[in-house]
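This is the structure I want to talk about, given as structure tokens.
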Amino acid sequence: MKVEQLDERRLREVALTPDEYSAIVDQLKRAPNEVELGMLGVLWSEHCSYKSSKALLRRLPSSGASVLQGPGENAGAVNIGEGWAAVFKIESHNHPSAIEPYQGAATGVGGIIRDVIAMGARPIALLDSLRFGPLPASRHHVDGVVAGIGGYGNCIGIPTVAGEIYFEDCYAQNPLVNAMCVGLVPVHRLMRARAEGTGNSLLLVGADTGRDGIHGASFASVELDENSSQRRPAVQVGNPFLEKCLLEACMDLAHTDAVVAIQDLGAAGLTSSVAECAGRVRGAGARIDVSLVPRREKGMTPYHVMLSESQERMLVVVQRGREAEVESIFQAWDLTSAVIGEVTDDGCLTVVDGGREVAQLPVALLTDGAPLRRLVGVAPAQRPALDLDELAPLVDPGAALLRLLASPNLSSRRGIFRRYDHMVGDSTVVPPGGDAAVLRIKGTRLGLAMTTDCNSRYCHLDPNLGAQLAVAEAARNIVATGAQPLAVTDCLNFANPDRPEVYWELEETIAGLAQACRVLELPIVSGNVSLYNESSGESAIYPTPVIGMIGLLEDYGRRLEAGLRSEGDFVLLVGSSHNDLGGSEYLKVEHGRIAGRPPALDLTRERAVHKLMLAAAGGGLLRSAHDCSDGGMLVALAECCLLGGIGVRCPPVQSEGPVRTDAAFFGESPSRFIVSVPSRAMPEMQTLARRHHVEVTMLGLAGGDVIEFEGQFRVSLAEMRQAWEGTVT
Amino acid sequence: MKFGVLVFPGTWSDRDCGWVVDQVLGEQLTYLWHKDADLKGCDCVILPGGFAYGDYLRTGAIARFAPVMEKVGEFADRGGLVWGICNGFQILCEAGLLPGALIRNASLEFRCQWTNLMVDRNDLPYTSQCAEREVIRVPISHGEGSYFADPATLSRLEQNGQVVFRYCDADGRVTPGANPNGSLHNIAGIVNKRGNVLGMMPHPERCSEPELGGTDGLKLFRSVVESATRALVS
Amino acid sequence: MIAKVIVTPKPVVNDPQGNTVKQGLASLGFREVSDVRVGKYIEVSLDAPSEHEARQRVEAMCQQLLANHVIEDFHFEIEHEGRHQR
Amino acid sequence: MIAKVIVTPKPVVNDPQGNTVKQGLASLGFREVSDVRVGKYIEVSLDAPSEHEARQRVEAMCQQLLANHVIEDFHFEIEHEGRHQR
């Protein structure tokens, strides 16, 4: 059969190019039938096959002494000691959330939770990284997404403990919704979704299968345009209650050794979960009978069943003969389960409908057959430059501080995270509101810190440096709690990579990530790529490589928080400041510009500062610590005051030195922290700083209810609170 | 003494309550399953927080029909201690073991935050360790915690002194500003007339250890233990 | 048969959702709206030998589960197959 | 005038709430129930010069705010004062 003979519209419907179609025919030595074409279409979509990014992703470092599972499974896993593994992954749900904010975000959360469950782990925390266009126009998206994340996470009873939310013009048509889940499992019970054992049964459990989300993965792999709403697959509606039952039942599976593997059903539904599960075992195949799949609707064809993206389903590989034992566990939770097929050794995914064979494809063709796309990257025209000498001088730092605190990108996030249950589980020992969140691990003294970070404005101005800065900032947020950064998951949100500038951004970003993670010794153990975040004729998003990071505290009793704690403590700036106003929030808010180079980053210095911080925290010298990033020193200092309810009195900032006054207050030099230290610990702190060759500057003394820089300005906590808390609600 | 923590499909504070009973208090703990036909000799049954049956239709509406609820009703009638927290409170109202209902927060938003509670009564098995009119700090976490009862019921509650906790500010003033959800009379928790069935929206199990930000919740658990011990002695 | 059940908040119960919808409508320019109440619509497909019996069963469902008489009123209509949506 | 708007999940859209209520009814012994769909009921009181105009306005309200066209269908009736419940 010639390619020309296939209806072009049909090819577009399954999102395959004529070349890809030829490749299929070549390898199969025949034309695929309708069902096969649909299955190949979804698995070869960008979303499932990573055909545009796979080659680049190999450059990321993914090994390390603590890594138990790197990329390639449903989630990554690291050993955190005391017999525990932390399992975690981040994932995007951008396209669905743009169409239906509530359900898009909710099902994004549901999906990432299932990835963690598939590793045998109990999910203990959720994080959400969000980007929207400016308020008030984006109100509908913000409210829907936040309600959707809360709606799912609150109902299922997993605390949402951290995240980020930023507003920038470039996200107006393409909001970003990335969700991360962290779970725990005893190391010896860590599972892998491998279809081992010819003859073992495939058990489908959870929700009945409906026609929702057919072609969802393909849909997520193209730009949104005016016709998106017509092409849109039936939107998936999440059922967190069902997933809660599924979660508990899967945890109960630990009581039996009859389970070989668990795999969630996500994008591309049964097709991808069966193919992936088999694809991880050399020579393995699977045979499934779609007539055995429990359905929600009448009149569904094998095509529908294989491609449905109905939520809240899992595939369980069960030892042959022990199906009843496993099914009874699901029954106890009133969950439907059905044996729908078995593991084979012919390397093929065979689909039958009762007695009739409807598809047979080599597993390898499905999972690894998509021809990689060789794209070219071309550096774009220079980003707007910044000449500091042209900037009007800073006249009133106090007034500027109030405006910055009220900026939607810097203001308090309480209005968001109070809509999330961040306490359920009785483990959140550092709640949202500061830097990273920390959860204690019950039965041990361990504390697990977690954060997501990315300043996409930096990435826009310099994707390589921006990516490094994102890793450094995430690590800093972990360190600010007293925890040692451990490992990374990343979500690469980009525009259309077919455009050379965008592909260049992706290349540069990955180079930056790889470098930062190498120097900071942070393996990337899982991640996700979301491309085509751009609307035809509209602006494309900034490169947005969201970094999810976890870190470890040996003793959570030594955790630190951002707020000042005692009057009379010394307030110090750890790390060096430079004239880093490029890409800063100050430049945007006070001068209306997004320009310049992002702050320079010396990764070795960054490391040294972390070492000092962890030594000081471990030695009990610090009473509080806060990372200094967006908004610079003064905004960070204001946050320390607001979170602690204590002011600070400081001598004036010198204007004659090499650092300009505006940069001293609002510059965003990385590798800095604000800490408070009781006076008796000052000598030791200074010795430690010298030993680590890190500059430490005395800012002032904690106390009172104002921030004052003598002779320069004075602002009360009440004024600041009003500015800070009135914006994002 | 022996606490029973009731688990419905969709319950999620079960393990948190269990943790406090077992690890913090060191008391006996058993989990009760919604399909159970007896209460396994528990001295106090806790209906914990969560979204039983997804809270679909109405909070607590489907859960109240779980087989175990009949036993809970009988236990309550005999004077047994039945303690509904958050979703548990909602279920007790639906089951008619407590008057009134919990409706959508006035803000229409879920709220997870610390609140201050005025302890209106400290002569109950649940509050004996609190001082008279003590202000305690306990977090809430709910989308439908606005207490409603018709005017007659409400005045009966007040006359009988059945209001146990009211949302207040840090100084104990019961003000509209301190009310996080629009509850009538700032009601955060009530008891039945006999005083053995308590329903409250705030989560004492979330503030029973210092690392979680406070220990006021432990006073309530301790009160229950103390009253049970006292009952045993007398 | 299909029962179309409508459950509404009792007039004395605050209906914040209704108020919010009303404000939302006003801000979209629908200023002619003087009041909004938000309730639930429940469509129950059931088998019953007669409309009379269906009516009794649905009444029982409402009493027991579908509505909470403390805060809600309900009413319903029974329809014979046909017009419903699926 | 009063518009009685009924918003229902689209037939192909999953309705977890409906499924759960159906199971709840079954466990109460209402086994004759074959399907439940749960939607919203919205009662809008409005001023309009004619029923025709009211109809147009309410249609616009549904399109813009009351229903989420991605997952929901809607229909409504207009009633002249009187019969409604308050």
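So that you can tell them apart, the chains are marked A, B, C and D in the order they are listed, and the count of residues begins at 1 in each.
To be clear about the criterion, a residue touches a chain if its C-beta (ideal position, glycine included) is under 8 Å from a C-beta of that chain, and two chains touch if they have at least 3 such contacts.
What you are looking at is a predicted structure, and each value in this text was computed from that prediction instead of being measured.
Considering the contact criterion stated above, the chains in touch with subunit A and with subunit D alike are B. Counting hops only between chains that touch, subunit A reaches subunit C in a minimum of 2.
Averaged Cα coordinates give subunit B a centre that lies 35 Å from the centre of subunit D.
Spacing of subunit B relative to subunit C, judged by their CA centroids, is 30 angstrom. The mean-CA centres of subunit C and subunit D are about 8 angstrom from one another, to the nearest whole unit. Residue positions 16, 20-21, 24, 28, 38 of subunit D each touch two or more of the other chains. In subunit A, 239, 241-242, 334 are the positions where the chain touches two or more neighbouring chains simultaneously.
The set of subunit B residues that touch two or more partner chains comprises 53-54, 56-57, 61-62, 65. Working note: touching chain pairs come out as A-B, A-D, B-C, B-D, C-D. Touching subunit B in their complex are the following residues of subunit C: 9, 12-14, 16-17, 20, 40, 65-66, 68, 70-71. Put simply, subunit A touches subunit B in their complex at residues 147, 150, 154-157, 239-242, 244-245, 333-334, 417-426, 428-429, 431, 440, 442, 556-557.
On subunit D, the positions that touch subunit B within their shared complex are 16-17, 20-21, 24, 27-28, 38. Of all the residues in subunit B, the ones that touch subunit D in their complex are 53-54, 56-57, 61-62, 65.
Residues of subunit D that touch subunit C in their complex: 6-8, 11, 21, 24-25, 28, 30, 32-48, 57, 60-61, 64-66, 73, 85-86.
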